[in-house]
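You will see subunit A twice below: alongside subunit B first, and alongside subunit C after that.
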Partner chain A sequence: MSGRDYFIKRTVLVVTTIFVVIVINFFLFRIMPANPVDILISPTQGQEKMGIEIKEALMKDLGLDRPLYIQFIIYLKDVLQLNLGYSFRAPRPVIQIIAERLVNTLVLMFTGNVISILMAVSLGVIAAWKRGSKTDLGSLISALTLTSMPMFWVGGIMLLIFSVRLDLFPMFGVTKIGYSHPNFLSYLGDYLHHLFLPMITMALVSFGGLFLIMRNSLMDVFSEDYILTAKAIGLSERTIIFKNALQNAMLPLVTIIAIRIGFMFSGSLLTETVFSWPGLGYTIYQRDYPILQGTFLIITILVVISSFVAELIYGYIDPRIRTGASSG
Partner chain B sequence: MVTITTYEGLVMVDPEWGVAPWLAASWDISPDGLTYTFYLQPHATWADGMPVTAEDVKYTFDQWKEQQLPRMLPYVKNIESVTVINEKTVAIKLYDMDVTFLSRHLSWPSLMIVPKHIWENIEDWNTFVNDDPETHWGSGPFKLKEWKKGEYCQVEANLNYWMGRPYVDTITHIVISNRDMQILAFEKGELSIFNGLNGNEVPRFLDPEKWKIYTIEDSGQPNWYPNTRQRPGNDTEFRHAMWYMIDRETILEAAHFGYGKIPRHMLATPYEVGGWIPPETVTEPMNLTKAAEILDAAGYLDVNDDGWREYPDGDEMELKFSVYDFERFIKCAEILIDDMQSIGINVYLNVFPSSMWAQVHLTTFDFDFAYFRYGPGGGDPLEPMSWSTSWGDNWIGFYNETFDNVYLEASAILDPDERRPLVFELQRIMAENYAYIPHVCNIGLKVLNTEVWDPLPNSLPWGPWSNLQSWHYFNVHLKGEPGAAMVNLAFEAPSEAMQNEPVVIKATITDEEGNPLEGLYIDFWIEGFTVGSQVSKSNGVAEFTWVPLEDGDYEIYTAFPGTGDYQTATTDPITITVGAEEPEPEPEPEPEPTQDNTMLYLGIAAVVIILVAAWFFMKGKK
Partner chain C sequence: MAGTKTALYKRRIRDFILQYKESKLGIVGLFILVFFIFVATFANNLSDHSIKPTGGILKDRFKPPSSKYILGTDDVGRDIATLIMYGGRISLLIGFLAAIISGGIGTIVGLTAGYFGGWKEDLLMRITDIVLVIPGLPLMLVLASLLGSNFWNIIFVISVIGWTGTARVVRAQVLSLKERAFIESSKAIGASDLRIIGYHLLPNVFPLIVAQMILGVGGAILSEAALSFLGLGDPSSVSWGMILHWAFAVGSLSSNYWWFIIPPGICITLVSLGFTFVGFALDQIVNPRIRRR
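Moving on, here comes the complex of A and B:
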């Protein structure tokens, strides 16, 4: 199979997946318990006195009284036009609300995971090369400890130490309240200052798993004959690690990253709620159907596309994948 | 939260559940009770300086009616027409008489008057969002400054406010999605006010240098509801037994941490202020023996000896107690369930996410008991009563013809004093039928950062209108008219008192010449808490009765929060020494049970065995 065929096959698969996602996304929210209108008049809102007639008026207003298949056709047509409807709570276009917040989610997810991958690769190399040393043991123990700690707990502790006690970082938001930044650099500085704690929390929590995989796969590679040969012909340590070993050891890591993209999103959404980071995390707790549907759709499409990109990279790193050749 | 500081309503509910003027300076009601004529404040203006006129009021109601926005419908559906009489006078005609119309449907923050000259430019109502500082203009003391969606919203002082400029320059509403983080941010000083403190969190905020705690009685009705649509809730005798199953003292201590009040009758305790609760007390202390006797007599017996009672016809009885996932509600329900199980009622707890609550209780009615707070916004006592009529929300399904008739009769009487006996009767009908069981009324806690609030004059954050959520934005910070007059405030209280015996504290307020001042609110402070507010009588005296629950020394003082005419005043504190009651003879302390170390020894033995096995295993391998 040529590289072009591989690409076309993958693309068709991606488009089909996205369609299935749209279908599931529509029906999933229809079969969930609780009617969205009930939430609008939920007792916690103090609006229970509205009563059933108001509820019916709302159902009609929101189009929820029409047959399911008609609701679906309307939905499909709108999605293709990127019209995800209006929020139930504030009459604003969903796509606008999502766009405002998606940037923050993506920034947090991307930076947090890049840092965690960089940490995992570099520490993994050191640990594997100096196997059994104190550095190896130390990073192994910290990786295992960090992996077993829940995100919200790490986040809370980070806030307590660095924000409440030491007062080094802000507790919420993306920028200082009511502060108009004179130029872009000052805005960027402020943004990074707010980003730092959630980003580090994300990086720490996802670091452990990646580190363990990196270390183990490097150790496997180090025991291969060709490494022994490389050592025997007198290549430098640096050349052996970065030219011969790392490229092969990266394969499992890339696979894991591709598989974990979905988890990266959910991790980011969780982190957001702890740090009051105004990303998509907060919107999805409000049971606002159009927002929920829109958010899930956008996130799933992003996950599908990211996995697609990861597969292409994978195919590039390991030619066996794209040619379909068997290893051996 | 934002619009309540930037827009205003025509009227306001006052602390005695009466109706106070707001944008409407006064009003007349026609003898048939159908036409309300409002005379607007002569000086009221919008934030852009344009006067608030009768046209604006007409436009507001017409728009809500015309646009058919479901959320606004309950407020306007009874309005037949709105007529402009002159620039500052407007008449509203109703279809049906409704004595709760002013307090329930017109009062801020239910319905706010909007400026016609701005809102008439709105093209599409379905997509209109009022988030632009250039056009978000109300008549309130603040105007919108900046709104960053999902992050914060800032309002700033409206310098042209018709009642004078507020003291506070900006108020920022910040979105912090996690409650623990909210408390942390408040402790750190990032927030200046925190609403909804739990009783067990109070010790964190006792330092008077940093924090001040206010208590606010909740006007909501916290009740234990049987589902009267199905058995056993439809059996009056079963409900009669329920009347004795509720241990309010324990609930008050364990679920409310002492911050609550035990009601005497069907309406919540704050309605005592307006005299809306009948003189007799109907709630009874827990008496499980009596409850069991009533159940026995009604035929709820354990016939198959499985430890649980059966229905009178012998069917198994397994009951569902549902609450939504609010910590205090769950705790209350657990206490109730324990007591019910102890007399052989097989009942289990069913916790819902709050978002599913309405689904279960408005649509499927799938529950046997529920614990719930029904929260009227305050106002006329007929408002919580309307819930139990056969046309009200009434999801427990309690229908009573006499109740409906008395309600209709009461709702046609405008004069509160004439209406009072009927409101008493309504409560008695409910109590006789045990339609639902009054629980413990909550006392809400708010805590302030004194660094921010103390330097402000009139800085009692919600003033006398403590039952209203956000009144403080208006009341506190308005700069009074120039030359505000001084007052003299003094108070007297006995220097010694006994535990559990009432202490009367008398505060006297006079003007500079010593003439008594009537109708002003005096706050009574004990150990750093406002424990109550009372209005001064014609002799300038406001009286407050306090019952110390524990012995010890208490620091007491009184404060006058100020009005537009008079400046604030605070008295020096005095200390009351409360003596302990005669202690009951202490029971012999039970000998401490010797610690059971069996588990520890077993654990050590297990570890030793594993180590030995591992050693043998390793040895074998070698």
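Moving on, here comes the complex of A and C:
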């Protein structure tokens, strides 16, 4: 397949995936046995209290009294303008709440995964180079164990050890509540202090999967002819690993990130919930349906676009694909 | 004829056991799983405590581990060890059922795409691509919160996103089998598509499917735990995830009720590790792509 066909195919995938999610959001909300209006009015208030007039007014407010296809056109237009409706909890636009919280999610995801990637690459190189050694086996088993742990539970254990037992880190939030910081440095220190545990948790839950894929693709790289040649002409291990192999390992790394980006979001959502880190995961826990839907859409858009970008980068740095593109 | 056929199967099974024995991880995994399945099956014989609160709640709640309550008690005075034994039933059951259903969907998609090719393959593989790229947890949350949290809905929600791996593996295997002589010759003598799929392709891809399903059980158990933790589990069925949900919800973390939090998580970890080990060992034997390396 030529580079251009490939590009077109991926673009189509990006657009259809986002469209599918919009359709899921639209129809799920409308065809479910539980009427959205019933969801909106919390059960504790008692539905008998809500008169039929209020119910009808709400249906009208949400546009649910019009034909389905018109609803869909309106919905599509709204989504394209990033108008995702209003929160059920507070009278604020969904997109505004998501935008505020997205920053915290991205900070947690980025820092945690950078640590994770550094660990996965360095241990992956050692493990793949010395296949079957104690380091290999040890990191393989720890990676498998880490991927088998419930992510939120890992966070809980971190809190139990480092906050409750050792009292080293705060248990929740991004900064101390009700404390005004004299300057930016003090604020930053407090923020990092709060970030540390969730970040390490994020790194741990990401590490397993990253390491396993890294080890596998490095084993492929290390068994290729040019590495064997380098060994045969007597280059030192250090030169081979750092000059030749690592450069080639960057390729799988880009693919891995493209594959794992959705997983990274899931990990972040669960970690945030445990640490009451006010990111997108925190909004999910509040059972606010429009927010949940909006979060689903925004995360999907971010995931498809970033894996698309990762594939473009891959195509750019992989000489094989690049020549394919210029000849095709 | 029949005699040689059983002899052949016997030899195959013997070969398989010999190969499996070589994998240390596979043996360890098998032991873990046998242990947990045994405990879950005989939970009512192994414990004399009940999983229903039995009065004296205020006196017996949040008791640390003791000789009476090996793993302590929860917020309503129930024995946590007993809760975990019964919880294993639900977690394992959800894991197995979700893995079987998603394995079934994956097999149908993979076989159809691989065998028929053409527009059917294009359509099915594009759908697979889309499901693969949609972030799993948010989709499960949206589905679960609208469908409602009961036992079968949770299994459905987990299966909806879990079938893509099997579909890809099965399709790849069918594509390579299709080129082999015995498929060509059965086509030549006029065998129907259904017969070729049922008699020739399915038996050949079956071991691969089983390996994929076993690898999937651990993932399904983890997904159920995550859903329960986020408050979308079935409150009427006690699973390990549900126990953890209660533990977090009553503030066991800040109160340092570690016995309420650590044991259920260890069980989830060990069981899903067990399935991963066994699945890896099987995959090593039955997956031609891995074997070649």
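Of note:
Everything that follows uses one rule, which is that the second predicted complex is superposed on the first by the 256 of 328 C-alpha atoms of A that agree within 3 Å, B and C clash if a C-alpha of one lies under 4 Å from a C-alpha of the other, contacts with A are read in each partner's own complex, and residues count from 1 in each chain.
We take it that contacts are C-beta pairs under 8 Å (C-beta built on N, C-alpha and C of every residue); 3 or more make two chains touch, one makes a residue touch a chain.
Keep in mind it's a predicted model, so treat the numbers as computed, not measured.
By the touch criterion defined above, A:I233 reaches neither subunit B nor subunit C. By the touch criterion defined above, A:M171 reaches both subunit B and subunit C. In the superposition on chain A, contact of A:R92 is made with subunit B only, not with subunit C. Of the two partner chains placed by the overlay, subunit B and subunit C both lie in contact with A:T273.
Once the two complexes are laid over each other on the shared chain, residue contacts for A:W153 go to subunit C alone; subunit B is not touched. In the superposition on chain A, A:L185 makes contact with neither subunit B nor subunit C.
In the superposition on chain A, A:L80 makes contact with neither subunit B nor subunit C. Overlaid on A, the two complexes show subunit B and subunit C touching the same residues of subunit A, namely 33-34, 156, 159-160, 164, 171, 273-274, 285, 287.
Against subunit C, the residues of subunit A that register as touching in their complex are 13, 16-17, 20-21, 24-25, 28-29, 32-34, 144-145, 147-153, 156-157, 159-160, 164-165, 171, 219, 262-263, 265-266, 269-270, 273-274, 284-285, 287, 289, 292-293, 295-296, 299-300, 303-304, 307.
Contact residues of subunit C toward subunit A in the complex are 126, 129-130, 133-139, 141-143, 145-148, 218, 222, 225-226, 229-231, 241, 244, 248, 253-254, 256, 258, 261-262, 264-265, 268-270, 272-273, 276-277, 293.
Within the complex, the subunit A residues that touch subunit B are 33-35, 38-39, 41-44, 46-52, 54-55, 57-58, 61, 86, 90-93, 97, 100-101, 156, 159-160, 163-164, 167, 171-175, 177-178, 272-276, 278, 281-283, 285, 287.
If you check the complex, the residues on subunit B that touch subunit A are 68, 70-71, 73-74, 126-129, 145-146, 148-152, 154, 170, 172, 174-178, 180-181, 184-185, 187-188, 190, 324, 326, 353-359, 362-363, 372-377, 387, 392-393.
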